[in-house]
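I'd like to ask some things about the structure below.
Naming follows writing order (A, B and C), and every chain is counted from residue 1.
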């Protein structure tokens, strides 16, 4: 019985893995072919990877874009982790009627499509540019600020906190820790997997963010990777081999971040809970 | 406690570091909108799409201008066309001019929308160049309220690219495709499909460009002369265009594609034998080097039953506009001196880019008379330039894309059996309620 | 300050920064959008028109089509994806399973793959001459190629497949992280008591995961109601309007057609109202006391 379950598990997971990876593999294959091969649907790898790479680095400013994306994503993730977890924790641990009402109102902010917020946000930053140009339009801060705190993350941290053993916190208070001390010394280390998940999600959404950076960034040297890729695909005769190569390079950091963080999902971390 | 302060400080530090970096950059960033004072070194920013066509054009224009005007710095920024439309709309509607360019390329179908939605945001170019030097049909879309706002740029003049080898196999020649009607075009297509198994053309159900081509050839459009009222129900040209489209689909000579790259691939792979489209498609055809000598370009067919229809029409095409931000006079001067009057520049555009402008005097130049080996020695530029002069002038008006989306839905209904008069009547009703 | 007031101040200070930032960057623009929804006109020529826009919604056939499509996606796709994600994460939560890291990364990869890349890939795979049709034809499952992208019914199916493919791994992460927080000894005790794997799943795992299930259910609902990327890039809302979503309609109203930001804002608020209703429903169903 256990064996059957085991076999089924491996077969199912393998099928899921293949379905999930296949497009990614196709992307890698395409990066080794020429544009005309890609449009004709070639499935086998070719010898053009080096050529595509050189073309990519020569004609497009990949490195600055990668750096821009990295700076923005890392800063956003760090700030988001801090501010959102403090809030999620606060809403759950220090529950009160008033706070619950505030929380429900905050959730509303998730419910409006970004396209509707874009124009007013842009106008707001335009106004900011008059008095504080260093965080106004066409600055990295203007990209980061609206995306740091989301009700989504606060919601996630709050829900995760619900499963947290509250008596651990009491123990901390009895030991003489301040509330912040309890948060940093007891809560954060225990919630490693939650932070790992949140970090991955935030980094990824920041890295792939398209509409807002598109609209608020003007100088080409400030461009992020998604903007770069969009440009590549837009000419009347795009070079698909190069495009796939650049996309590959652009996807690597998020894959890397995930790979680094995912070891925190190791089964049986019962040790730290005790 | 210490950890939190440390984390917060790290965060703030990064934010200010980003800010500091940007300060160094803000200098140049700001100047995007301001061109400085009078004769001092000034800066012009240009937004356009497509590195191989429009951007290259601007680079050539910049070179031509730099010779005489050392103290003007021209920054050409490339963005995808849809991105430009988004950024422009957001920027123009926000009331902030920071970050807006001086010169921007806008597709002719959209131009009126911009000019009318954001009055006061465009700088009139009236008088800075001779409008009579440009093809007639470009002047309507680029002007508003009696003022000329756009400098006409590329010609979207259409022709039919056709595989001569498939044609011959079907028993036809290039001569048989000169000055024909759409019905005749379809007949030839059926023969080609029968004898070679190749589809005659490739269409995207989400893009009714071919309808636009057909109706403009008859001097009609989705909108009436005023550019605001939908003209669908009583539009004879549109009705015939719909019927022709259905005939093509019913004759089973159409290969469906849903994506630009598939469109190009269908021709590069030899799966389809002809394509009625704009001359900007040439580089996509010539990309398949193994097909050299097997293509020719013939004139556009005309609508069978429409007396106004001619063998010329337009698909796409854009023009350059100057925004009403600091630096507008410099920008206008730049455009006028290069694309507004420089015949040599236009020759370069043809030889180095394959871009055919709408500047009439340029057609006298050498490059316009060159023969193309790929197209069997045909003087394609000369042909395109000649057809450009015949394109009927229509007012694209404000709502082309909105109406087309309505027509796309109705076309599906029509292909599924709904009666044509009902189709157009329903479309008219929807358009009237949606367009305010 | 007495102890109570001090404690209260501290508790509010935890949430203070977050609340302020959301007010500035979300609520301020939202209120502006709300005001715009009562205005109409092209570009900057907006003028006050009261409830006209809202009335217009009722007779707007494009809006109705987009609404129907969005609902179809919601009702079909969200349950499938959540069950799938939960199932996979439970399978992966096994201590003795080999290649866990590989499976995890593989299934999460779609969420990481850039949007541009996977929409191009899906367009090829599901094109009339694409791999999927080739395989199905070879296996004699179908006799003529399916028009995955240009047929009104199949296009919707393609979109649902695309969304599920992309976001299942993403939701799996949330479940995995939550499962890690469940003490193994609970399962041990249950097994000693003779509970089958299935029983353990329904009586232990699901109830303990309730907060996260609610979370993914609500966020997936919101995500699907706001669906934009896949539809814009794979089918462009086509054929005709067959796959158009509300967000895409808002985009078209703001940028593709002659911009009418006022009406676009109205459609946005239609979405907000829908989401609010659905979220309240889900909260109530979960019996959660968040309200």
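Note that in this section a contact is a pair of C-beta atoms (placed from the backbone, for glycine too) under 8 Å apart; a residue touches a chain by one contact, two chains touch by 3 or more.
The structure displayed is predicted, hence computed values, not measured ones.
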{"item": "Pair of chains with maximal C-beta contact number", "value": "A-C"}
{"item": "Most distant chain from subunit C, judged by the mean position of its C-alpha atoms", "value": "B"}
{"item": "Distance from subunit C to subunit B - Cα centre to Cα centre, in angstrom", "value": "36"}
{"item": "Whole-Å separation of chain centres (CA-atom averages), subunit A against subunit C", "value": "16"}
{"item": "Two or more partner chains touched - positions in subunit C", "value": "120, 254, 261"}
{"item": "Touching two or more other chains - residues of subunit A", "value": "41, 118-119, 123, 230, 233, 240"}
{"item": "Contacts with two or more other chains, residues of subunit B listed in rising order", "value": "82, 86, 93, 95, 261-262"}
{"item": "Contact set on subunit C toward subunit B in their complex", "value": "40, 42-45, 56, 59-62, 120, 123, 127-128, 147, 149-150, 152, 235-241, 252, 254-261"}
{"item": "Subunit A - residues contacting subunit B, complex", "value": "36, 38-41, 71-72, 74-75, 78-79, 82, 118-119, 122-123, 126-127, 129, 133-141, 144, 178, 180-181, 184, 211, 214-215, 218-222, 227, 230-231, 233-238, 240"}
{"item": "Subunit B residues touching subunit A - in the complex, by the definition given at the top", "value": "1, 3-4, 7-8, 10-11, 14-15, 18-23, 25-26, 28-30, 32, 49-53, 77-83, 86-87, 90-91, 93-96, 98-99, 261-262, 264-265, 268-269, 280-281, 283-284, 287-288"}
{"item": "Subunit C residues within the subunit A interface of the complex", "value": "10-12, 14-15, 17-19, 21-22, 25-30, 32-33, 36, 88, 91-95, 97, 100-118, 120-122, 124-125, 129-131, 165, 169-170, 173-174, 176-178, 180-185, 197, 208, 211-212, 214-215, 218-219, 222, 226, 228, 246-247, 250-251, 254, 261, 264-265, 268-269, 271-272, 275-276, 279, 289-291"}
{"item": "Subunit C partner contacts - residues on subunit A that touch it in the complex", "value": "5, 9, 12-14, 16-21, 23-24, 26-27, 41, 43, 83-84, 86-87, 89-91, 93-94, 96, 99-104, 106-121, 123-124, 145-146, 148-152, 154-156, 159-160, 162-164, 179, 183, 193-194, 196-197, 200-201, 204, 208, 210, 226, 229-230, 233, 240, 243-244, 247, 250-251, 254-255, 258-259, 262-263, 265-270, 273"}
